[in-house]
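Read through the structures below before going on.
Heads up, the next two complexes both have subunit A, just with different partners, subunit B and then subunit C.
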Partner chain A sequence: MIFAVLLPFIFAFFIPFLSKIKHRIHTGIFVLLIPLSIFIYFVRFVGTNFSPTRQTYNWIPSLGINFDFYLDGLSLLFVLLITGIGSLVVLYSIYYLDRSERLGHFYVYLLMFMTAMLGVVLSDNVFVLYTFWELTSISSFLLIGYWHFKERSRYGALKSMLITVFGGLSMLGGFVLLSIVTKTTSIQGMIEQADLVLNSNYLPLILIFILLGAFTKSAQFPFHIWLPDAMEAPTPVSAYLHSATMVKAGLFLIARFSPLFHTYEWFYIIVSTVGIITLCWGSYMAVRQTDLKAILAFSTISQLGMIMAMLGFGTKIAIFAAVFHILNHATFKGSLFMVAGIIDHETGTRDIRKLGGLLTLMPITATLAIFGTFSMAGVPLPFLNGFYSKELFFDATVKLPDGGAGIASLLTASIPYLAVFGSIFTFVYSMYFFFGVFTGPQKLALLPKKPHEAPFGMLMSPMLLIAGVVIIGLFPNSFNASFLLHAATAVNPSSEFVDVYFWHGFITPFKMSLIVVGVGLALFLTRRYWKNIYNFFPGKLSFNNLYDGLLEKVDQYTATVTNFYMNGSLKNYVAIIIGTIFIVTLSFMFITDGFTISNDNLADVTGIELAVVFIIAIAAIATIFTNHKLAIILITGVVGYGVAILFVIYRAPDLALTQLVIETVSVVLFLLSFYHFPKLQKREESIASKWMNATLSIGFGALIILVGISAHSSSWFSSISDYFIETSYSLGGGDNIVNVILVDMRGLDTLFEITVLGIAALAIFSLIKLRDKEAK
Partner chain B sequence: MEFIVIVLAGILFATAIYNLLQKQMLRIIIGTVLLSHGAHLMILTMGKLKRGKPPILEEGVANYTDPLPQALILTSIVISFGITSLLLVLAYRTAKTNNTDNMEQLRGETNE
Partner chain C sequence: MYKPNDLILRTTTSLIAFILLGFAVYLLLAGHNSPGGGFVGGLVTSAAVILMYMAYGMETIAKIIPVNFRTVIPVGLLIAVGTGLGSFVFDVPFLSHTFGYFNVPIFGKIELATAMLFDIGVYLTVLGVTITIILNIANDQ
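Our next item is the complex of A and B:
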């Protein structure tokens, strides 16, 4: 199984080579093999006697983080969607993307996404799931920004990234809490200990964190704003990531964890409320859009809300309907996205105001669209799968168990009405999509291209999806026992076989459908009379403005903070660094009571040492007060030679020699460049700044003294120097111990030291010589 | 004697930082030179001063000065020489190109 998950990722490494020959063979043809073969690998698991399987591969066992793949009905449904729709999307992209595009990049991102998404739905380990989850966000970011030269693409990519990664992070928080409470990192292990979680004090936090992750990913209200902007991606991507798979990861997460939370009342309240609001808001807003893909984006938001609401209900029938609708939605929405892509490709625009009357020009596309939109609208016809799942949805809303008291009961009472409200607008935008594009007067003058029917290859994928719509519509029970039931039982173990058929009799759900069709038709026909309502509600209110405003404020604020200390003044940086070290070290010394002083075991004081120390100190202080550049160089030399004499006194012959040589060379160097430096100016800073500098330097010097005395007076560890003294001859074969340490014991350090010098020498050479040449 | 050397190191650090806080490049470079002198003395003192013979093996001598700080300082002297010379050339080149050695005038564009 791990191979199946990682196969797309591994294959992505070969894409750069394959895309070299893209003008002879479209890269997509190679890529097509990957999802297809994974699909075939997994499809053999489908069957009535399917039972969950598990495979574990160690990754970081000490932290409990392993590739722990668990294939149950729910995962299987998603895996088949990912690879099945994935194959069709790749097939479609072969015709959609021109060979002059950067095909290599596109397919690398797409394959990366495939691995990530398979990982999300198959991982039983929460942290591995999280890793794959964020990888889907990143590949989505890359795919939305695929046409990176467009400003809107970059904006949409960033927005989706910010919102979904924010959700992902909060989900990680929920996972961490869960694994602390249950002491396991396995989801199935957590579900087994559901009581522990339900009785934990962290329960509300866990729930909110995990739900935030799911809601942002599945574009639930009010986090839905990223999805319409994600439509800047190439259409195959929209059909795949932003309709069929990635946005359903949030639903998957809720479904996965619902056995854990389903007895918790707030789970029902929050998930159902958010879902039903998203359903209504998405379908209401979809009618307002003019861009075909924007209509589909809001439609996706609303359909996701509907599935989310059903997962919140958690009843047997609702769960079955949710699973059923995940499948149905992928078929009709995927095909509609492809249709929108075809229209865009063949006419050059997606603006519904410029389109119209394409029925005669693009008859096959129109036929596909009519199946797709009517299925989406839930028109009661026996060969449209959308109708069945909508019917089951209505059935679920009226059969909700009494919620007891308070918010829950209010919610239970209002849900059927909201469901009908949302579905009416679903009907309206579905009709608007179809009739707006394919009927009415032709406006060919407005179109950038002369429209004609798409090539057969491009029509192939949506045709297969529409075939799926019709097959499920005609034989709704064909997949139930062998496939969907397993998915439903994974979410709610008490799920049972639901016999789906067309005619239930004249019962409530059917009446609701009739109301939807009737009112929807009336609203659609009178659309131009009431569409001004959008100017009043939502009018200028929008979460987009909130997002943009927030982002702008954060930008401004961070710029202010950064510019406050990154002001380009070296002096300021030094002051901040020194000040920070000073404060941190001093307070640490205070807190740990680290200052010690002991005057035993000190070396004796001799007159000559004192004299040298005195000279060095005077010379060092003099550097501050000298305003003559020759003088300051010579005074610095005095300090250096003084230190060399101290080395002699303190029995460090090697140091003394080196210091003498280096000091001499340094002084010569200084004198060489001396000529080129401007004269030293009098220091003309203000008195306050002088005092500031003086305080900083004296304070820091004092701190160094304190640290030095404490370090000298305390002995925490025994010295390792004896080792070097003892083994200098036996290991290094040398009498000069310092020498042996440098050349033998720490030979590699010395090698790097020489490297540093070499680099410095190269830099110096190029600064002097090469620039001079350039100037000439 | 150790305390006296530590105080000297402190003075070196203080003067070094005062120089680092100046505007002129030459002073800043001299600041870094003084800083490394201070650090060297500090490290040397950590190994205690004047405890035995210089660290060169000899027949019949058991007490040697601590060789480890000396090895560290030797590395450091060489590296700081490298830094000083690079800084000098960099300063020379900057001063030539921009006709100033005042760091405050070399701050670049605001709000980059």
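Our next item is the complex of A and C:
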């Protein structure tokens, strides 16, 4: 299974080479094979006698962090969505993205996302899950900012990154607390010890932290503001990440942890409330949008809220409806995004005010759109899957268990009304989307391009998705027993087979559907009379303004703080750094009573050592009184070489060698940089600042002496060097202990160090080169 | 840019640079059992390249070493990370090393360790970093 998860990531390494020939073969054609083959691999697991499987690969076993892949019904549902929709999206992108675009970048990000998302839904280890979770945020950031020359793209990318990473970090906090309470890093292990968690003092914190992660990722109110701005991404990305998969990671997380929390009352209250508010707010806001993709974005927010609410209910029927709707939503919303992309591609605009009457010009697209929008609206027709899941949703809202007091009972009573309220607006914007684009007068003069039907290849993906809508609509039970039931039981073990059929009789959920259609139709027809209400509510009050204001304030504040000490004087920086080290170390030494002195175990001082130290001291003092650049560099060199000689005397050949070479290279570096500096001038400083400098440097030197003496004399910790001496050859296979420590025993440190080095070098390179470009 | 024209420096450089390069390879290969290693090996190599640069100038360097040192950085990092990831193939934790002794004709019994591969990654990264920084500062107008 690890290979299936990492396959897209590994394949991404070949994309740069494949994209070299993009003018002959579109890179997407190669990429298409990847999600398709993973889909075929996993689709074999679908069946009535499916049982969860687990595979473990060691990663950092000493910290309990391992690649623990756990495939149960819920994961399987998501894996198939990720790879299935993924294949269609890649297919669609082959026609959507022109060959002149930076295809290599696009597909590398997309493949990275695929691995990350597969990792999220398959990991059983909370920390591995978190790692993949953040990787989805990063790849989403890169994909939203794909057209990075557009200001809105960069704004949207940053916004989504800030909000989702904020949530991700708090989720990490929740995971750390959970793993402390349960002493395991496995999610299934935590669920087995649910009692321990429910009785823990940390329970409210754990819940809030984890919910924050899920709510930010799934764009729940009030964190939904990033999703509309994420629509700046290319449409295949919007269809894939911001509708079908990534935004559902939050739902996945809630579903995954709901066996742990579902008996906790506040879990029901918070998740349901947030979900139902998001449902209403998203659908209410969608109606006022003029951009096709913005309508779909708010619609996605509201649908996610609906699923979230159902996961909050936690009843058998609600959970089944939730997983059913996850599948249905992916089909109709994915196809609608692709339709929006086609309209954008063929007419040059997504502004619904400029569109109209495209029915005759783009008949196939219009047919696809009518299935998609009507399914989204929940129109009661027997071939639309959206109706079934909406009906199940209404059913779930009226069948909520009574009981509980206070907020919980109030919530239970009001949910059915709110559900109907939200769904009315869902109906309105669905109709608005379809009729606004495809009927009414044609406004061809306003369009940047002359519209015509899209090429067949581009229509293929939405066609397949719409086929899914109709197949599920006609045979709603076709996937139940073999597929969806397993997903539902993974969330709520008592789930059972729900027989979905079109006609239940004239019962409450059906009446609710009729109310939605009736009122929705009336509102849609009278739309232009009441749409001014948006000027009053929400008017200027919005979380977007709050976000922008907050960001601006933080910017200003940090600029003030940073400019306070970053004043461009290198001397100042050194003084601040040395002064801080001095104060902190000295006070720490006092507090812990760390200074000790003992003269055990001392070696004799030889004449040659004294001579070398003397030379170093003379050279160091001489630098202060020199006013010639070259001389200063050379004298500092003397200090460095002197230290190297000391290393030789103390028989540390490795250190001596490294010190010598470093000294040589840095002298060259100094010479080169000083070449650009202005001529050194006589420093004119006040007496006070000279005294200040002298105090600082003498104090710092004295401090280092104290630390050195204490390091030798104290016996707080037993020395680790014996361990290295003993095991260097037997464990590391090398006689050179320094090298064995560097590459083997502390290899991870070295790996990070060289990474930092590499980043620093590239940063210096870009600093120099970018400045050159700006100067020109 | 100043144009170096120093006969003595040039003549000695062509000799010393090769000694340095040879020494660097020795340091890299011997590092596991005697003083040396990837880090210092990379630094010595950079020192040799910088010496050649000082003696012959940028154009000559670009001609005799047609390598973009910026790409050497990620290559080195990839080798180091790859060595770590290789552990998974043998189902052991990340960055586990192993070693073995082999009898090879001429050389006799020698030791081969995976730590060596990691060290090569370190070597290349250090080389790329040092040269990138120094040559870019040097060529800055």
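Brief remarks follow.
Convention: the second predicted complex is superposed on the first by the 578 of 776 C-alpha atoms of A that agree within 3 Å, B and C clash if a C-alpha of one lies under 4 Å from a C-alpha of the other, contacts with A are read in each partner's own complex, and residues count from 1 in each chain.
Throughout what follows, a contact is a pair of C-beta atoms (placed from the backbone, for glycine too) under 8 Å apart; a residue touches a chain by one contact, two chains touch by 3 or more.
What you are looking at is a predicted structure, and each value in this text was computed from that prediction instead of being measured.
By the touch criterion defined above, A:S721 reaches subunit B but does not reach subunit C.
Judged by the touch definition given at the top, the superposed model places A:T636 against subunit B, while subunit C stays out of reach. Judged by the touch definition given at the top, the superposed model places A:D195 against neither subunit B nor subunit C.
When the two structures are aligned on the shared chain, A:G568 is found in touch with subunit B, with no touch to subunit C. When both complexes are overlaid on chain A, the residue A:G747 reaches subunit C alone and has no touch with subunit B. Once the two complexes are laid over each other on the shared chain, residue contacts for A:G732 go to subunit C alone; subunit B is not touched. In the superposition on chain A, contact is made by A:L762 with subunit C only, not with subunit B.
In the superposition on chain A, contact is made by A:N58 with subunit C only, not with subunit B. By the touch criterion defined above, A:F700 lies against subunit B but remains apart from subunit C after alignment on the C-alpha atoms of chain A.
Set against each other, subunit B and subunit C touch different numbers of residues in subunit A, with B touching more. Common to the subunit B-facing and subunit C-facing surfaces of subunit A are residues 653-654, 658, 662, 665, 669, 673, 676, 735-736, 738, 742, 750, 757, 760-761, 764, 768. Taken in their complex, subunit C has these residues touching subunit A: 27, 31-40, 43-44, 46-47, 50, 54, 70, 73-74, 76-77, 80-81, 84, 88, 91-95, 97-99, 111, 113, 115, 118-119, 121-122, 125-126, 128-130, 132-134, 136-138, 140-141. Subunit A makes touch with subunit B in their complex at residues 559, 563, 567-571, 574-575, 578, 599, 601-606, 609-610, 613, 616-617, 620-621, 623-624, 629, 632-633, 636, 639-640, 643, 646-647, 649-655, 658-659, 662, 665-666, 669-670, 673, 676-678, 680-681, 683, 685, 693-694, 696-698, 700-702, 704-705, 708-709, 711-712, 719-721, 724-725, 728-729, 735-738, 741-742, 746, 749-750, 753, 756-757, 760-761, 763-764, 767-768, 771. Note for the complex: subunit A touches subunit C at residues 2, 57-62, 653-654, 657-658, 661-662, 664-665, 668-669, 672-673, 676, 732-736, 738-740, 742-744, 747-748, 750-751, 754-755, 757-758, 760-762, 764-765, 768-769, 772. Across the interface of their complex, subunit A is touched by residues 1-28, 30, 33-34, 37-38, 40-42, 44-58, 64-68, 70-71, 73-75, 77-79, 81-86, 88-93, 95-96, 100-101, 103-104, 107-108, 110-111 of subunit B.
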